[in-house]
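Consider the two complexes below, in which chain A is the common component and chain B and chain C are the respective partners.
Up next is the complex of A and B:
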C-alpha cells in the first residue's frame, strides 16, 4: 500500500489513525471499516438511512408512519416536560389542520403510540383535534382508545377529563 | 371551584394550575384575559385589547380564578394560548379551532370579524378559547338580554373601537344578544360548569367588590 492514501486518510480524520503508539511514537489508529470512531459514525448514519428507507417503504404500502417530531413529543413526555411536549404536538397538528391536510392528520392519529403519552398529552391530543373531529374519521376510535387508557391511569377522573372532548 | 384571588395574595406561578382567567379594572370598565404559563414558567396574559388587537402582557393588578376543570385540561388551554400568541406574532392568524368563529386578523394585526361571528369582546374571547377545547365556562342560553346596559357599555367603548367592530356589536345588541360580562366569566369559575347566570352574576358582584377593595395587606 502506498503511503500517500494513508497520509490523506490520516490528515482527513479528526485524530490519530495508527494503532496505539508507545513512548515517543505518535498515537495513531487505522481508518479501516469496523475500527475506530469514524466507523461508528458511518454505522450510525447507515442505520438512520435504513430507518428512513424502511419508513418510506411503509408509507408506500399504506402503513401509518409516525413523523419524526413525535419522537420529540415522546421524549419530552418521558422527562415530564409536558408544556414542551404539548407545544410540539400542537404546533404540528395545528399546521396540518390549517393547511387542510386532514388525511395526513388522520394517519397521524393512527400512528401515535398512546403508551408513550401521559394524561396531559392524551388530553392535549383530543383538545387540538376537537374542532376537526367531524373530518378526522379515526378520532372517534382514538377517543375510545384514550378512554381505555385513562380508566387505568386515572379511573376517578375519566369523565371530567373527557367532558366535552368526545 | 376557585374563588377569585389577587396575585398579591396568591401568586399564580406559586400554585400547580397553569391557566386561569384574570380581570382588572381599566378606568370605568372591567377587562379580562387568559392567565397562563409559558414554557419557561413565566406568567403571561393573553387578552383582546383595544383596537381589537391581541396582547400578551398585562400592566394592571391581577385578580384571577381558575375554572373547575382537571389540570390536564388547563394545561391544554395554556398550550393553546402559547400557540395563539405564536401564530399571531408570526402570521396574524388564529389556530384552526378558533377559525370556526370566522374571525381572523388583518395583516396589521387588527381583528376582522366575519359574517355570523359573534363580536368578540375581551370576555367572549376568553370563552371562545375555552370553548374551542370543549370547556364550556357558561351556559350562554341562561343569560338574559340586557340591551339598555349593553348599549351604555358600547357607548363608553365607542372611542376605543374600530367603527366596523362597533357596528357589528351594535347590531348584535339590537338583535338581542346575551352578552356576558368579564366579571361574570371570572365569577363562573366559582360555579359548577357550565355556569348559570344567577350564580355567575352573584359571584361577579363579589369580583367587583374585591376589585374595588384591592388586595388585602400581607
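Up next is the complex of A and C:
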C-alpha cells in the first residue's frame, strides 16, 4: 500500500447558524492552539486545503474573493479583539490606497462580509476609505449596506456613527 | 459535499483506557479583558514557577499570504505565544494576547490531573483578568491511533471514514476530513478533523483524530467561581461521547 497520502477532503457544515454572514469562526481554522506534531500536521493540511479551495472559488464563481487577511480580521472581530482587527484592516487598505490600487480596493469593498464585522470595524472601514470615496465606486453602496446593518445593531446611534462618513 | 458515513450516534458507555491514544489535550480560554501574552506570562511564571520550572519557550506566529501569482507572497508576524513548561516538557501553559491555553502531552495523566492543572493556572491569573472573565472556553483532544499492521484498513478502526464511491477502490490510501457543526441547543461549536499519517518510529499507519469543542459567551463568564470548570466538564463529556461513537471495538482493543 502506498503510504503517500492522497489529499481528500469532505467538508460538511451542519447546524442552522453556520455559514458566511453569521459572525461565526473562520471555517475549519482552529482557535484552540496545539503544540504537538499532530496539531501541526492538522494545521498545515487544513491551511493547504483551504487555500486550494479559495483559489478554486475564485476561478469557478467569478465572485469577488476576499483576501486571506480578511479572515484574520473576522476572527479578531469575533473574539472581540477590535484593536487587532482594525490594525489588520487599516494596514492592508492603506497599502492599497497608497499604491493607487483603487480598483483592487473597490473589489475588496464588494467582498467584505458585513455580517462578520461589528460596529467598530464597519465605522473604521468607512473612515479609512473616506478620503478615496470619489474614486471607489462601490463605497456609496457600502455606506448604504452599513447603514442598514447599523439600523439593526444600534438603531439609536446610526446618524451619530455615520456623521461625516457618508 | 459530504462523503462521510452517517451513523446514528448513541451515548456509549464511559471507559477509561490503560493506553489512551491521546497525544495532546488542551483547555483554552479567551479573556474578555485585554492582556498581552507577555504580561500574562510574566504574571503566571512567578506564581507557577514550581510547576513550570523549565525555561519558557516562545512560538512565533506568522501569517503567510500567497496570491494568485506564485511569486506574490507575503508574511507578517503576529504576536508570539509564550509557553511555560514543566521540567519534563509534558505540561505547558500557553500565554497569548488575551488568551490562555493549558496543554498536556502524552502520556495522558487523566482528566482529574489535567483539570487540576487548569485550575492552578486560572487561580494564578491576575485578579482583574479573573474578574473580567472569559468570552470563550474550549477543549481540544488530539489522538493518534496507530494501526496494528501496515495493511490495516482504516474503516475497521474508525466508524466515520469516508465512503468510496462505486468504481473507486475501496481501500483508502489516505484522507483528510473536517467537519464543523454547532449545537443548536447551547451553541457549542464542534470541529472534528480526521486524517491519516505514518508513525515515524514504526512506519505503521495511524489515524489522527482531532476534536475540539468550544463555547462562546455573549456576556463574559467570571473566573472566580466554578462555572467555567462546570462548562469545561460538560464539553469534556460531550467530547468523550463523540469519540466513543467514532471508534470500533477493534480500536478499543488497541487501547488496552
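Points to keep in mind about this one:
Everything that follows uses one rule, which is that the second predicted complex is superposed on the first by the 108 of 166 C-alpha atoms of A that agree within 3 Å, B and C clash if a C-alpha of one lies under 4 Å from a C-alpha of the other, contacts with A are read in each partner's own complex, and residues count from 1 in each chain.
Following the convention adopted for this analysis, a residue touches a chain if its C-beta (ideal position, glycine included) is under 8 Å from a C-beta of that chain, and two chains touch if they have at least 3 such contacts.
Predicted, not measured: the structure shown is a model, and the values here were computed from it.
Within the superposed three-chain model, A:84 lies in touch with chain B and with chain C [touch as defined at top]. The wider contact with chain A, measured as residues touched, comes from C rather than the other of chain B and chain C.
In the superposition on chain A, no contact is made by A:115 with either chain B or chain C. Of the two partner chains placed around the shared chain by superposition, chain B is the only one that A:157 touches, whereas chain C remains out of contact.
In the superposition on chain A, A:130 contacts chain B only, with no contact to chain C. Within the superposed three-chain model, A:38 lies in touch with chain C and out of touch with chain B [touch as defined at top]. Of the two partner chains, chain C is the only one touched by A:46; chain B is not. Shared-chain residue A:67: touches chain C; no touch with chain B.
Chain A uses residues 83-84 to touch chain B in one structure and chain C in the other.
Contact residues of chain B toward chain A in the complex are 18, 37-39, 69-70, 72-73, 75-76, 78-80, 82-83, 86-87, 93, 95-97, 99-100, 132-136. Those residues of chain A lying in contact with chain C across their complex are 1-18, 24-25, 27-28, 30-39, 41-42, 45-46, 49, 51, 55, 58, 67-69, 72, 79-81, 83-84. Put simply, chain A touches chain B in their complex at residues 82-84, 86-87, 90-91, 94, 97-98, 119-120, 123-124, 127-128, 130-132, 157, 160-161, 163-165.
Partner chain A is touched in their complex by these residues of chain C: 1-4, 23-24, 26, 28, 30, 32, 34, 59, 63, 65-66, 68, 81, 83, 92, 94, 96-98, 101, 103, 105, 135-136, 138-140, 142, 144, 150-151, 162, 171-184, 187, 189, 191, 193, 195-198, 203, 205, 208, 210, 212, 214.
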